[in-house]
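The block underneath contains the structure these notes are about, expressed in C-alpha cells.
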Amino acid sequence: MPLMPKLTDDQLHPDAREVFAQIRAARGSDYVNDIWRVLANDPALLRRTWEQTRATMSAGALDALTKELIYLAASITNDCEYCINTHTAAARAKGMSDAQFSEMLAVVGLANQLNRFAAGTQVELDERYRG
Amino acid sequence: MPLMPKLTDDQLHPDAREVFAQIRAARGSDYVNDIWRVLANDPALLRRTWEQTRATMSAGALDALTKELIYLAASITNDCEYCINTHTAAARAKGMSDAQFSEMLAVVGLANQLNRFAAGTQVELDERYRG
Amino acid sequence: MPLMPKLTDDQLHPDAREVFAQIRAARGSDYVNDIWRVLANDPALLRRTWEQTRATMSAGALDALTKELIYLAASITNDCEYCINTHTAAARAKGMSDAQFSEMLAVVGLANQLNRFAAGTQVELDERYRG
Amino acid sequence: MPLMPKLTDDQLHPDAREVFAQIRAARGSDYVNDIWRVLANDPALLRRTWEQTRATMSAGALDALTKELIYLAASITNDCEYCINTHTAAARAKGMSDAQFSEMLAVVGLANQLNRFAAGTQVELDERYRG
Amino acid sequence: MPLMPKLTDDQLHPDAREVFAQIRAARGSDYVNDIWRVLANDPALLRRTWEQTRATMSAGALDALTKELIYLAASITNDCEYCINTHTAAARAKGMSDAQFSEMLAVVGLANQLNRFAAGTQVELDERYRG
Amino acid sequence: MPLMPKLTDDQLHPDAREVFAQIRAARGSDYVNDIWRVLANDPALLRRTWEQTRATMSAGALDALTKELIYLAASITNDCEYCINTHTAAARAKGMSDAQFSEMLAVVGLANQLNRFAAGTQVELDERYRG
C-alpha cells in the first residue's frame, strides 16, 4: 500500500488536473502512471517533478532511448523496483531490443564491480586524469 | 596510497604481462590505467576482469559511447571518483559532447530523485506493468 | 519469510523477555514490532540494539518527530521497505502532517539528485568550506 | 578538478546570470557556491535546479533547519563529501547546535544499521503496517 | 515477473546448455537457480558470469563459507532480496550456524553505522594509515 | 577537516577519558584512531559506539579476521575511504594475506555485479527459497 493515497481523476486538485492533461498529451495516452497519482497529493511537487521529467527525458543531444538506458542504469544500481519496471517498459516502447537490454545490464554489472575494485584497492586517480 | 601496490611493467608476472599486451592492443595506446597495475597483483583476477571488460564494453547492439554513458550513470550513482574520472575521459575520447554530458547528468539526477520518491511513497507497481 | 524465526513471547529467552518489557514500557503499548521478535534470537544483540535505539531516538536537542524524519531520510535513501513503513507510521503517531511528509520527501529527492550532480561533475569543495 | 569548468561571473550566459542574481538575493550574500558555477555550463539545467532547490528548501510545513538536517541525512547516507560539507555549513548558519549535529549523526547511523538488520533478516512487514 | 523470461531446459541455446551442465556438476545437484535461467537469454553473458562465479566463490586462500559471508555482507548492504535469500541458503548449506549468521549481521550493521559516522564527521584518515 | 574537532587527550571529558582507557586496553596500544577523537565530542555516543564495536568485533562464533573481512565487504560496498583504510590495516594486523585480500575483493565485486543483475532482471526468488 502506498503511504500517500493514489488519487483518481475525480480527486485531483485543479492544478494537478492540469498537469495530468500535460502528461497525457506528452505521452499520447490516457494512462497516467500511479507514481503521478501519488505525487498528485502535493500539486506543486507534482508540477515541478513533471516539468523536470519532461525537460530531462525528451530527446536532445541524446536520443530518448539512450536517456531511458541511462535512467535504468541508475535505477538498477539503486535497486528501485518501481523505476526498473516502468522504465524497462518505456525503453521497450522506444525500441530497446533484447540484445540492447542484455548489454545495458552487463555494463551496469561491470561498473558496479569495478566501482568496488577501485574502492577496495583505494587506487588513486592516474596523474593524467587530474585536471 | 593504494592498498595493493601499483606494479611497474618490470614487476609483472608473465600472465599479467600478457594481459597488459592485450590492453595496449585493444586501446591502441601504450598507456595502461593504474587500476590494472593494481589488479596485476592477482594475475588471474586481472585476466578475468580484463576479458569481462573487453567483452562488455565493446560496441555491439549498443555503440561504445552509449555503453560509456551507462557506465557513468552507475558510477555516478555509486560516487566512485576513480571510475567517474576515467570513464568521463573515455566518453570524451569516444566523442561525448558537452551537451551530451550535461544531459546524461540530468537524467542520472532525475532517476536518483524519482527512485527516492518511489521508495518514500511505497507506491506499488501499476497492474499493467506486472507480468 | 524472515531468515531468522520470529519468536513469540513464549519462546523468548529471559534476557529477551526483559528487553521486551522495556520496549513495551517505553512505547506504552503491548505491541512489539516484528523486527524485535527476529532479533530476539540473539538476546545480546537485541539488548544492545534496543538500548541504542532508545538512547538515539528519544527527544533531546532534537525533538522526537525531527528524529523520525531524519531516520526516514536515511531509510528512503537506502530503500528499506520495512523501515520506511514502520517509521512513517511512527512519524504519523508523533504528529507528522501530510504537508510535512511531502516536504520531507521533496528534500530527500533533491538531496539525492544534487549528491549525483556533485559526483558527476567532480566539483571540488569551495575553499571557504575547507577547515 | 571538476569535469565541467567553474564559470566566473564574466563567463556566464545571460540566463545563468539571471539565476545567479536570484541565488544572491535569496541567500542575502554575494557568494555563490561552486556547484552553481559548474551547473552554469547548462543554463537551463541551472535554472531548473535552482528553482527546485529554492522551492524545496524554503521553510514551509517544516522549518529551514529541519530541512537541512533531512538533507544531511540523505547526503551522509550517500557519502557525498561536497554536500555534507556545504549543508553542514548551511545548518550551522541556521542555528544547528553541536548537540543537534551529534544527535542527527546518531540517528543516521542507527537507521543505516537497522536498515541492514531488516535486509539481512528479511523480516516481513508486520500485518498492522500493511495498508 | 522477471523482465527477461526464465528459460526451461528445452529452451536453452546449446552454449547455455553446456553452462548448465557445468553448474550442475559444480553444485552436485540437478537444480539450477532461476537467475541462471534468466541470464541464459544471453549465452555469452551466462558463460562469463558463471565462470567468474566459479572462479571467485571456490575455496582458495579463503574457505567457501567465509566467501559466502563476505558475499552476504555486500548483498545486505545493497539490500538485494534475491541474493540475500539464495546466499543465506548457500551459507547454511556450507555449515553457517545461527550464531555465525547473527554475528555476521551485527558486523554488517556496525560497519554501515560507522561508515556514516565517518562520512558525517568528515574525519580525515589518520596520518599513520596514509601510505 | 573534520566537521567536529578531533580532541586531544587533554580535552577529553572524564567519561570519554574512561572510554579511551578501555580502547587502549582492548587494543593493547596507546594509539587511538581519530574517529574516536571526533566522536569524543559526545561522550555518551562515544561510549555506546565503543561498547557496540567491542561486543561486535571480538572473536565469537566467527573469528576476528573473518569479522574484519565482513566489515570490509560492507565498507567497500559503501565506498567509505576512512573505514576501508583503517579496517584493511586491522585485517592485516590480524594476519590477512595478500591472497585473502584479493579473494575478498573479488567476492565483493562479484556480489555487487550479481546484485545488479538480480535487480535489472527483476528475477523472482525461486519457490524453493521461500519459507
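Read from first to last, the chains carry the letters A, B, C, D, E and F; within each, the first residue is number 1.
By definition in this document, a contact is a pair of C-beta atoms (placed from the backbone, for glycine too) under 8 Å apart; a residue touches a chain by one contact, two chains touch by 3 or more.
Quick caveat: nothing in here was measured; it's all calculated off a predicted structure.
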item	value
Equivalent interface to B-F, taken from C-E, C-F or C-D so that over half of the residue contact pairs match	C-E
Reference subunit D; chain at largest CA-centroid distance	E
Between the pairs A-F and A-E, the one where more C-beta pairs touch	A-F
Remotest chain, subunit B as reference, centres from CA atoms	C
Subunit B-subunit E separation of Cα centroids, rounded to whole Å	20
Interchain centroid distance [CA atoms averaged], subunit D/subunit F, Å	27
Residues of subunit D touching at least two other chains	1-4, 49, 52, 55, 74, 76-81, 84-85, 99, 102, 104-106, 108-110, 112-117, 119-122, 130
Overall pattern in which the protein chains touch one another (line/ring/star/complete/other)	complete
Residue ranges of subunit E in contact with subunit C within the complex	79, 84-85, 88, 98-99, 101-102, 105-106, 109, 116
Complex contacts: residues of subunit C adjacent to subunit F	1-2, 44, 48, 51-52, 55, 130-131
Subunit A to subunit F touching residues, read off their complex	72, 76-77, 79, 81, 84-85, 104-105, 108-110, 112-117, 119-122
Of subunit F, residues touching subunit E in the complex	1-4, 6, 31, 33-35, 38-39, 49, 52-53, 55-57, 60-62, 66-67, 69-71, 73-78, 80-83, 85-86, 89, 97, 99-100, 102-104, 106-115, 117-126, 128-130
Of all residues in subunit B, those that touch subunit F in their complex	3-4, 41-42, 45, 49, 74, 78-80
